[in-house]
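First chain A sits with chain B, and in the next complex the same chain sits with chain C.
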Partner chain A sequence: MNVLSSGEFWAFVGVMAGIYTLFTLGLQVQFGLAGLLNFGQVGFMAIGAYTMAILVTKVGWSMWLAAPLAVGAAALAGVLVGLPTLRLRGDYFAIVTIAFSEIVRWVATNEDGLTGGSQGTINLTGQGTAAQYNGQWERFQRWVGAQLHIADKDVVMLLLVWSAALLLLWLTARLARTPWGRVLRAIREDEEATSSLGKHVFVYRLQALAIGAGMAGLAGCVYAWQFSFFSPDDFQPLITFFGWMILILGGVGRVWAVPVGAAVFGFLFAATRFFDFAPFSYLDSADRAYVRLMVIGLVIIGLVVFRPQGLLGRRDEMVLE
Partner chain B sequence: MFTQLLVNGLVTGSVYAIAAVGVSLVYGILRLVNFAYGDMMTFGAFAGYFANATLGLPMLVSAAFAMIAAALLSVALDVVLWRPLRLRRAGFMGLFLASIGVALVLRQAILLVWGPQPRAFEINQFKVYVLGDVRLSLAQAATIVSATIAILAIGLFLSRSSTGRVMRAMSDDRALAQLSGIDVNRVIVVTWVISGVTAGLAGVLAGLVQSTFDPNFGFQLLLPVFAAVVLGGIGSAYGALAGGLVLGVATELSTWEGFAGGVDPVYKPVVAFVVLIIALMLRPQGLFGKARTV
Partner chain C sequence: MSALLEAHGVSKAFAGVRAVDDASLVVQEGSITALIGPNGAGKSTLFNCISGFLRPDEGRIELAGRRIDRRPPHRIVAAGLGRTFQTARALTRMTVLDNVRLAAPAHPGERLRDLVARRSAVRRREHEVTEQANDLLRLVRLDTHADALSGTLSGGQRKLLDLARILMASPRLILLDEPMAGVNPALREELLAHVLELRGSRGITFLVVEHDLGFVMQASDRVVVMTEGRILMDGTPDEVRNDERVIDAYLGTHA
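Right, the complex of A and B next:
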C-alpha cells in the first residue's frame, strides 16, 4: 500500500489525467458544442502520435516542427473523415467514426515499413534498431526542471501537461462564448432553424470536428513523450470510450467539467488497482485487471442511469438526449 | 479460385447476416445501438463451448444450449437495465453508452470465468468436403446449412407471423403501432429473445469457422456486423441480411487476383469499411433504409 503515499505514483496519475483532459476536450468541442457523435477520437490521437514519431525518426525533423505538424495532420484527418460522413445521421456517423479509428489501428499494425508494425515504435527505423523519438523532449524536460529547480522528471511532466491543458481549456472556454461557439450550440439544438438563418451548418460542423481532432492529436504527442514508446495496441477503441465516460462524468457542454471528470476517472482507474481487500484479495493480478475494467463498466452504466447530466452538468442545458 | 473465394464470402457473410439481424431488430424496436452484442456473441460461443467441451454434449445440442443461454441473458438484461432506462426516458446517447458499459462488464466476466486463452469446439477440424474445385471444411458446411435455415426462418417469421409483422410495424412507426393497441412489452421481450438467439448462433458459427476463439473475438466481429447493419439501413431487418451477405462476399472477393491483383488479405477488415463508406456516400440512408430528414 505504500505506493499510494509515493509522490511518483500520484504524479503519474496526474499526467494521465492531463492527457485525458486534452483528449476529452476535443470530444467536448465536437459533442458538447456541436452535437457530433465522434466515436473514433482515438484514431486522431494515433495519427498525432505516429506523425510526430515518424517525422522525428525517419525524416529527422526537430520535435518543435514535427509536433505542430502532427497536430495539423490529426486536424486534417478530421476534415477528410468529415467530408464524406458529416451529412450522415448521428448514429450512422458514430459507427463510421469507430470504423475509421479501427482502420487507423489496422494500418498501423500492418504497415511495418511506415509505423514499425505491431512491435511498436521501437522498429520505426527497421527491425531491431531501437528507434527513439523523444531525445529532444527529454532534453527540454531537463531544461525546464533546471530552470524551476525541480529534480523530479515526473513533476516537470505534470507541470508541462497541465500548463498545456489549462491553456487549451481557457481557449476553448473563450471560443464557446464567441459568435462561432453560439452558432455551434444553435446547430446542436436545432439544425434546420440555424440553417434557415443562413449559417452553413456543414462547414461549422467540419470545423468543430477538425479542432477536436487536433486536440486528440496533441494528446497523442504528449502520450508518446510520456511513455517514450507506443504500439498500435495503445489505440484500442476502449480509449475513446474512456474519453466519453470522462465527458459525461464531468458534464456535457461545460468546458471546465472536463478536467474534473478526467481527474475523477484517473483516480478511479488508479485506485481500483489497490483493491486488495476481500473479495478482491482472492484473485490473482490478471483477474484483478478484469475486475477493474468491470468496475469501470458498472460506473458507466450507473452514470447513465443515475446522473446523465454528469457531476457538474446542468440538467436544463444538456442531458444525454 | 474465384468460386472458392465466393463460397468463403458466403460463409463469412451468412454469419454477419445473422448477427446483423439481431442488432438491427433491437435498433428498430428499442432505438438502441447495442454495443454489447459482440460480447453477447462471445458469451454464446463460450456457453456452447461449456456444453460441447466441458459437458461433452454433441455440437448441435451445444449450439441450441448457446442460443437459449444468450436469449435468457438478453431478457435478463432488459429486466434489470434496459427497462428501467426506458422508464427514465434515456435517450440515444445514454442507451449507447450504457451498452458500452454492459459490453465491458460482460467481456471481463467471460475473461474471469474462462481466462484469456483461445478455445476450440470439439469437432473434426480436418474433415473437408470437395465439390468441383471448391473445398469446404466441416465447420464451413455446417455454417452454410444452419445459416440458410436461420435466415429463412427469420425471414418467414418477420413476413408471415403476426408477431413478426407487429415488430416491423413498430420499427416503422412506433407511435402509430402503439396507438393501434400493440402490446409493446411483449414485442420487446420477443425482440430480446430473437436478438439473444441470433447472437448465440452467430457466436457459435463464428467460433466454428475461425476454428479457435478467445473472449475478445466477439468484439472484433462487432464492427463488420455494425457495418452490415449500416449498409442495409439501420433498423431494416431485410437490409441487415442483405448487408451481411454483401459485406462478407465483398471482403473475400477483394483478395481475388483477377481483381487488380487482389488486396493483401490482412486488409480484409478495412475493405468492409471502405465498402460501407462508399455505399453511404451514394445512399446515405443505407441500401434498404428509408430516406429521412435529420
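Right, the complex of A and C next:
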C-alpha cells in the first residue's frame, strides 16, 4: 500500500506542521512584527526541550510544572541573549543568534552529565538506565483520547498540537493589533523615527525576542513528547532555516500566514520523500531526501520572485516603493 | 521670556573633524528660533546632539533647567522635546492615523502588563488617542487620508504628517529639520501658517534648521548662524541680514 494514502502518515505530517507552526510563530513575532533577524531560533527550542526533560527525569518534577518552566527558561534565554546584543545592528545580531544556537547544541553534546550528551535523552539518568520523560504526557494523551473516543494516538496528538497552535495564533493576532503591536511594527520600519516619538525601542525588541523564544521553547516540549527521545542532533541550524522558509512561504507580518506556510512546507517536505513517479523514481530514497530540499528551495525562489509577500502576505507591506 | 533650551560649549567630533565646535545657544520659551548656515556647518549634528541621537563629546544641554545631554532620544521626548527629520520619516507601511497614534505618550496599551491587567484603561486611552490623532490630522488637512498607508502621501504631505505626529507627543519644544525642503510652494505657506499658529495657540517653542531664508526672515524671532561647527552670531533677522560676517560666510567673499 502506498504510504501517501495512510492516515497515520498524514497525522504525522499534521503534527509536524503544528510543531513548525509554534516554532515559526515565534519568528513571526520577532521578525514579522519587530524586524529582528533571529537565526538561532532552534537554540531556544533546544533549551525548552532539554529543560523539560531534565526537570522531569533528574529533578523528578511533574511534567505540568516542568513544561511551563521550560517555556520560561527559553524566554529567559531570549532576554539573556538580547541584553548585550539587541543594541547591535540587525546583521550583527543575526550572527550572534546563530552562534548562540550552535553553542547550545555543543553544550548539549558535551555536557553528558546534564543532558545525556550525544547519546541523547535516553542517557539522562546515566549509563545502564533508560531515562523516560514522557510517561505523564502519554497518560494525558490516552486520557484525552478516551474522553473524545479517539483510539488513534497520532490523531490525539494532532488535536492537541493544533489546539495549542490555534490558541497561540489567536493570542498573537490579537497582540499584533494592540498599541503594543503598533510600536513593534513601527520599529520594524524605522527604529530611529520610532525612538524620536518617545518609544524605548530596546525594551520592545527584548520583549518580542523573549516571547518568540518562549514559543520555540513550547515547540521544543511538543517535539520532545512527539518523539519520546531526542538528542543534540535534532537541533541543527537547518531547523531554524526551515522556520524561515515557512515564514517566507506563508507571508511575513501576517500571523495567520504561519500555519499555511507550515502546512505547505510540511506537505512538500514529507510528501516529496515518497514521490515514486518519474522523474523522482530514478533516484533512490536517500537521494530523494535531498531532492525535496531542492524542490522546496525552488518553490521559495519562485515565490520570492513572483510573489514576494508570500502566499498570504500583503504586497504593499513587503515590496519597497 | 525665559530660556527653554540652553546649549553650553557643545562639541562633537567625527574621526578628528570637529563637526560642532564649542557651540552655545539659547532658545527662549515661546520663540521661533532659526538655525542657519551653509552646508556642512554642523547644524544637523547639533540637532542630533540636542535630540539625543548623538552624545556630545563636551558641553551640556539643558531643557527647562534640566540636563538632557546624557539621555537617550525617547527620554528627551518624554521631557518635552520633539523633533522631525530632514527627510520626512513617515512609517510608510502603516496608516496615516497609526503614524500619529504611535506618538501618543503614556499609553497603557503599549505595555504588555497593562494589556492584560488594565484592559478598560487601554481601551479608554486608545479611544482618546484616536480622537486626538484625528483632530491633529484635521489640523494639517490630512484627515481624508487617515486610513491610507502613509507611503501613498507626497513628500510635502509627509512633512505635514511628521508635524502632526510629533504634536501628538505634546512637546514644549519642537526641533524642525528643514521643514520646507522638498515641499511645494502652496504647502510651504500652509506649513508656515501652522508653525505660527501652534506657537500662538499652544505656546510651542520652535528651533528650526532651514535654508529657505524667506521662511527664516518671515517667521523667526531670533536667528543663530553657524559656520564650520561654530556659532558665528545670534541676533534678530534684521541684524543677521545686515551682518558682514554672515554675508561673508554665505558668499565666501565680500561682494
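We take it that the second predicted complex is superposed on the first by the 316 of 321 C-alpha atoms of A that agree within 3 Å, B and C clash if a C-alpha of one lies under 4 Å from a C-alpha of the other, contacts with A are read in each partner's own complex, and residues count from 1 in each chain.
The rule is short, and it goes like this: contacts are C-beta pairs under 8 Å (C-beta built on N, C-alpha and C of every residue); 3 or more make two chains touch, one makes a residue touch a chain.
Just so you know, these numbers come straight off a predicted model, no measurement behind them.
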item	value
Partners on chain A (chain B, chain C) - clash or fit	fit
Touched partner set for A:I95, first chain B, second chain C, both or neither	first
Touched partner set for A:D152, first chain B, second chain C, both or neither	neither
First, second, both or neither for A:S196, with chain B first and chain C second	second
Which superposed partner A:I248 touches (first chain B, second chain C, both, neither)	first
First, second, both or neither for A:A186, with chain B first and chain C second	second
Chain B versus chain C as contact partner of A:D233, first or second or both or neither	neither
Least C-alpha distance (whole Å) that remains between chain C and chain B when both complexes are overlaid	9
Overlap of chain C and chain B interfaces on chain A (superposed complexes)	321
Residues of chain A that touch chain B when the two form their complex	37, 84-85, 87-92, 94-96, 98-100, 102-103, 106-107, 110, 191, 238, 241, 244-245, 248, 286-287, 290-291, 293-294, 296-301, 303-305, 308, 319-321
Residue numbers on chain B that touch chain A, as the complex places them	27, 33, 81, 84-85, 88, 90-98, 100-105, 107-109, 111-112, 116, 223, 226-227, 229-230, 234, 264, 266-267, 269-270, 273, 276-277, 280-281, 284-286, 292, 294
Residues of chain C that touch chain A when the two form their complex	51, 53, 72-74, 77-78, 82-83, 85, 89, 91-94, 98, 101-105, 107, 109-112, 115, 122, 126, 129, 149, 151, 165-166, 168-169
Chain A - residues contacting chain C, complex	175, 178-180, 182-183, 185-186, 189-190, 192-201, 207, 316-317, 321
